[in-house]
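Letters are used for the chains, namely A, B, C and D, taken in the order the chains are written, and counting of residues starts over at 1 for each.
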Amino acid sequence: MTLNENLDTATAKLLERAAPGRAEFEDLVVVPLFAVAVALALGALTMLATNVDLATIGRSYVALLQGSVGSLSALSETLTAAAPLVLAGLGLALGFRAGLFNIGAEGQILMGGMAAVITGFSLAGLPFPILLPLCLLAGALAGAAYASIAGILKAATGAHEVISTIMLNLISYRLVDYLLRLPFIQKEGRADPISKSVPPNAELPRLLDWLDPNLRVHGGVFLVIAAVIFAYWLLFRSKIGFEFRASGANPDAARYAGMKAGLIIVIAMATAGALAGLAGANQVLGVLGRTSPGFSAGIGFDAIAVALLGRSHPVGVLFAGLLFGALEAGGRQMQVDAGVSIDLIGIIQALIIVFIAAPILVRAIFPWGFRRGEQK
Amino acid sequence: MTTSPDVSVMPQTAVATAWRRRSRIYGIVLIGLALLVAFIFGPDVDGDATFRLSRPKDPFALPNLVVPAAPFTYIAAALLAFLGAREFLRGGGRWSSIALGVGLAIAVVALLVWATAGKSFSLTGMLQATMVRAVPIALGGLAGVLCERVGVVNIAIEGMLLAGAFTGALVGSLLGGWMGLLTAVIIGGAFGFMLAALVVTYRMDQIIAGVVINLFVLGLTSYVSSQVFAEYRSLNDAPVFRAFKIPILSDIPVIGPMLFNQNIFVYGALILVAIATYYLFYTRNGLRARAVGEHPRAADTLGINVYRTRYIHVTLGGMVAGFGGAWFTLGSVGRFDENMTGGRGYIGLAAMIFGRWHPVGALLAALVFGFADSLQQKLALLQTPIPSEFLAMFPYIATIVVVAGLIGRARAPAADGKPYIKE
Amino acid sequence: QVTDTGGIDDNSFNQTAWKGVQDAEAELGIEARFLESQAETDYEANINSLLGDCDLMVTVGFLLGDATQKAAQANPDQKFSIVDFSYDPAIPNVLGQVYATDEAAFLAGYLAAGMTETGILGTFGGINIPPVTIFMDGFHRGVTYHNAEKGTDVTVLGWDPDVGEGLFTNNFESLDDGRAFAQNLYDEGADIVLPVAGPVGLGSAALADELGTDQLKIIGVDADLFLTDPEKGHVYLTSITKRMDATVLEVIRRAQEGTFEGGVIVGQLENGGVDIAPFHDMDALVPQDLKDELAEIRQGIIDGTIPVDGS
Amino acid sequence: MQVELRGLTKRFGPVVANRAVDLVLKPGEVLGLLGENGAGKSTLMNMLCGLYTPDEGEILIDGQPVHFKGPGEAIAAGIGMVHQHFMLVPVFSVVENVVLGIEPTKRLDFLDLAKAREQVREIGRQYGLEVDPDALIESLPVGVQQRVEIIKVLFRSADVLILDEPTAVLTPQEVQEFFEIVRSLRDDGKAIVFITHKLNEILEIADRISVLRNGEIVGEGDPADLTKETLAEMMVGRPVSLSLGKTARAPGETILDVRNLVVLRDDDRMAVDNISLSIHSGEIVGLAGVQGNGQSALIEAITGLRQAASGTVTYLGEDITGVSVRKRHRMGIAHIPEDRLRSGLIADFTIAENMVLDTYYDDRFAQAGQVVWTRAERWAAKAASEFDIRTPSVFLKAGNLSGGNQQKLIVARELSRETKLVVAAQPTRGLDVGSIEYIHRRLLAARDEGDGILIMSSELDEILALSDRILVMFKGRIVAEFDAREAPPDKSAVGLSMAGMAA
């Protein structure tokens, strides 16, 4: 049946969108600001409680600011820290949208990183424009493959993905330990478990080292931008993305509409894994230059927070990732200048999420500045 | 009362097709195991596998359990083959899962015998270790059960364990073990209450709330331990609850040491599991709690206060987790270290699902894990050609296999993870 | 000083190295600052953030090897020294500090073999890598030497130098593993255990403390744990010490005197860079003639008449 | 005990669900409460039973104003409600559900179910509500679950019973039995509120009728001097014709042909036992049967949602037994599922998204792997206005639509495709006359365009009104077939064969 292009008025009316109201504005702007403010305040209280004097607290927050956005190198550090968080976070977000609670980013990052580094040094001969993409691809594929294990298990036997991904994480650590002992991977002449280095022509080029060799920000940022756009397109434009969201929101309806649940689960997991694997490759090719035990450094778990904080929306994930990256970079500065342990950042991160994820809570604390009544 | 027809009337062809689908696969798996045992283990086993039931210095020594390795291996293989064949040809129905379970068990024992052939190790010790390693996981799982039975997903078990461990060490160092234990339980409860407040009152997404609490506790404990414990070491030197024998019972060979020569955490875990089971399935409040987890609105229409029920049980869950956390410090090593729970909370979560949201199930799941864990330690000692990393993976792989193979689609409480909005 | 992920208070190498720095602070009146690494990704950033505002930077742990090298080459006029690592070819502005721990471990093995009542000793490691297994090798060979000399039949559980496999916790954090693994060895009859896994060993100490030292004794590594872990000090028969404090102090002195140059310092029995700690509380338990034998063997190792590498 | 509602008002944000409602319930009387979907019937009663608190107005019991803080207090006051959507815990046994909230216990809080079981049986005997106290709810057919709900209320010895659309899921026989129960309760001196859409039922059982529209009482009266037509008009606010004016039509070529079909449930029990049937172009085949006799299973097999254990399904001469759901959609099989919220649509997707839920991949909306939403939205808007779905915009979440409009959305989605076979399960369950009438006309239109149509419904009236041919399923078999082309067959005959008795 064809649809006639000239729509009658009734139909036209149905196509009018409600303009974003004040509620959206509050949720997207006001609440986060309050959240950060409150979190920092509570962070300060924590320091007071552990008898840190006010001066130090002041200095540490100044350091936090400087270390995150205060200077070029600070920004560079922030971006460097944010990149893997966003990449892995995007993967997790896709999973969440498809109704999969995938805790496995950590393991997928490790696998991706290993694959990237192995490809890197084994094909060192290839020219940069071929080798780098190849390494990234290897990382993505490895991550995808590793994640698919959980996907296939769920689709085939209904094994709960939370369990299988947790276990796959633990397994991946050991796997990396083992791989790093293999002669063809371990750096020659080294006793400790450390892989051969990524050849220069496989590294993600540093963007600002012509300004100052210590600026670490690297090509990964473009990777991130691309990934965000891709994830957005996938979720909200593509057919498969529609299927992800449908079977995430109501698996039964999706099945009745002729979508293949099992297939979708596997594809969703694989895509999530690919992005996490990319995060791993990004770390290896852009920051570490090689792999060693546990080089994922818990990014996979922070990414869960990032994805949730970003409400599983690609753009949200981007901002959440930048926020976390900033806190991390700033935290390091904080430790140097004020001697306050970086662990404080963990506390602040947690608090920020609380207040953003529970707007009602913020509204309860700050009744003013919010429209009365409405609470959905 | 169901109006559906009874099985007898259905045409054989139809039944068969349906049942065989599953049992075929199981059959193949079992036969695969049989081949593995026969041809991988079989060839190079010789001598006897000796399982010691007592230590060199034990007061009265029990005779060792000696298994002639080669014959045993082949018998095991035969058994597996038989099970497999039976499953493959005309298995099905309820027995399939059991057959697979038995099969896996046999395979594991065969592996043990193969590794031990010509050597010996302490079976008693292994079982005791199994129990000990299972404790925090079982308690974590139990905490999860209490929360999810009222419809609140608790990802925060890890954080609650960590909080318990920390408090146990700190207060234990200052005021002694018992006070440490008590406060650990209270703090655990406090975090439970916090979780309840976030998800029930402030309708925060339950998973996010859980993740947040984990982040928060990890941050706080690490912060304090590096900021404070580093300087004041005396704040991180708690007494450890020692194992004590339960008269008579502890003298039962093998089982005795495993169950009745342990510290209060082991006894506590066992007792708590028993109590929880009784409470959830045989008491009025248990029934109400489960109703809230399955169909909150129905419970509400019958005058059961959904919110209060959730608050209470999530807090209780937190207290159990706090107790489990104290085990790491007061029950084991007497001092706190950053992130010392190392993901046990998540494994507890797995144990809960794997144990089908049942306290006893969670305990058994935890034991399976503990067993796999102590088994890999023994195998490492017995110097099997397997690299230690792979041995270390064993517990995790085992968990995945069991969850995928035996459990399949376990059924969570219907309202699990869903906030309840009254109007 | 930039630490490894263990943390400054790990009762192990980070702490010992830090002690060296503090000694220098005291003796040479220098000013010191430290920075803890949370994760691998921090190394480079941490080093960078200390760059410039100190004359000598001490990085601790072989894992920082690459980061240090990178930084050193990028900043040729910043002095570096790295503990537990050396470069070849040497980097002009980096002084490596490495330790022949197997020499001391050999002594410990001989001692343990002489002390055991069950005739069974145990050891386990963090991860299966040379820096760890070198202890276990030396220990094992010390025992073998004792068996050969004394015709005893003491066995070592948890490590087989020939196969290269053994008992490993596969982490350096979980104290509870330390306890469980020691328990495992104890169940197999071991009455002296050598944990080579940094802080994880503290868990083993907790077990020994609980069982009583007549049942189980522990041999520490890196630092003299009797001193750094006073609460459980009494359970340590001895410790295989890397005197990082000594070498670090030495390095700082050179830096101050301006005699600093790139290369490597090897800590050996000879120069006191490695050793076994005094027996402290257990001194009485160790028979005099065993002490004498140890003294001879030490000499033998120093003048090379007793090969520790098993040959 | 006499209950009086005075000026009750309830708002949900902007929506005013009830506006100043006055109502009186007398002992020994059945009050029929009639109203369209969304008229506010349930809301009103939820206030009476303590679930919601009124924004304005008050409730008086025997003249005394009462303020319930929760359902517990209402129950204590002797008010019991059987909710429109069952309030039963599926994994609990009958007795556990019945005692929930007022459990008899021994020492240590130990549940004393033995006593309760006896009481349940007792109540069963007294009012003819036999049910096995230990059966699991989820294993019970809906008809029986209904009884359990009533036992629950009686177990709490309520004097006021509120029955919210209790007959929606019952067969004629069950309805008659149910009326007996209601009458015996009334004669027992209980005050009863009977909520329904079904005009003939309310005329049969009620002693007094109140009609609710847009949250207000728009009419009251005595059944004796009210007719279906007048009631319908009060309810909808405009005259509605209750007869479809369906014309006989000669069936064309065979569209669907099912041979010796056997279908099993997830637990491998038999659902469909060797069934053969065929559906022709231009005919509506009604599939009658008590819930739980395999109709859904049969439909799932026809639509490809459940694989057939044996037998064949042939569609337009092509064997589609193994063909995927998607493929069948594309071949022109439309499916209006049994449970709209569970499997029909996605509550938190927009109307537009739901409108293309099973056609988004089609060239009309998709190209190069992506969905062109502008097209989909225009299409949705067009269909929405065409099928008169009452909504301000297609960007609204489908979950915010009233039941009737949700169902229309599904019908619109399914019928506005190129179809040859329409499988409709419970197409009008729980809808009001207006919507029912509309959907029926749509189905007939489809038939007249030459589609073959299979309708499964637990509402026999619906089957009788629409079908050209009626098949009755019992225990997985087709036990009777009636020709209804000229005149609908005798209702009781069909009803009997549904109950498994040879007609």
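By definition in this document, a contact is a pair of C-beta atoms (placed from the backbone, for glycine too) under 8 Å apart; a residue touches a chain by one contact, two chains touch by 3 or more.
No experiment lies behind these values; they were computed from the predicted model shown.
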If a chain touches subunit A and subunit D alike, it appears here: B
Distance between chain centroids, defined by C-alpha means - subunit B, subunit C (Å): 36
Cα-centroid distance, subunit A relative to subunit C, in whole angstrom: 38
Subunit B and subunit D: spacing of chain centres that average the CA atoms, whole Å: 44
Intercentroid distance (Cα basis), subunit B paired with subunit A, Å: 30
Per-residue overlap in subunit B, given as positions that touch at least 2 other chains: 226, 338, 387, 389, 392
Shared-contact residues (touching 2 or more other chains) in subunit C: 36, 128, 170
Those chain pairs that satisfy the touch definition: A-B, A-C, A-D, B-C, B-D
Contacting residues of subunit B [partner subunit A, same complex]: 198, 202-205, 207-209, 211-213, 215-216, 218-220, 222-224, 226-228, 338, 343, 346-347, 349-350, 353-354, 387, 389-390, 392-393, 396-397, 399-400, 403-405, 407-410
Residue ranges of subunit D touching subunit B (in the complex, touch as defined): 12, 49-52, 70-73, 75-76, 81, 83, 87-92, 96-97, 99-103, 105, 108-111, 131-132, 135, 139-141, 144, 152, 262, 264-265, 268-271, 273-274, 290, 292-294, 309-310, 475-476
List of subunit D residues in touch with subunit A within their complex: 13, 303, 305, 324-329, 335, 337, 342-349, 353, 357-358, 360-361, 364, 366, 369-371, 373, 375, 377-382, 384-385, 391-395, 416-418
Contact set on subunit B toward subunit C in their complex: 55-57, 121-122, 124-126, 128-129, 132-133, 226, 229-230, 233, 237, 240, 242, 328, 332-335, 337-340, 342, 374, 377-378, 380-381, 383, 385, 387-389, 392
Residues on subunit C engaged by subunit A in the complex (per definition of touch): 35-36, 38-42, 44-46, 48-51, 62-63, 65-66, 74, 88, 127-131, 170
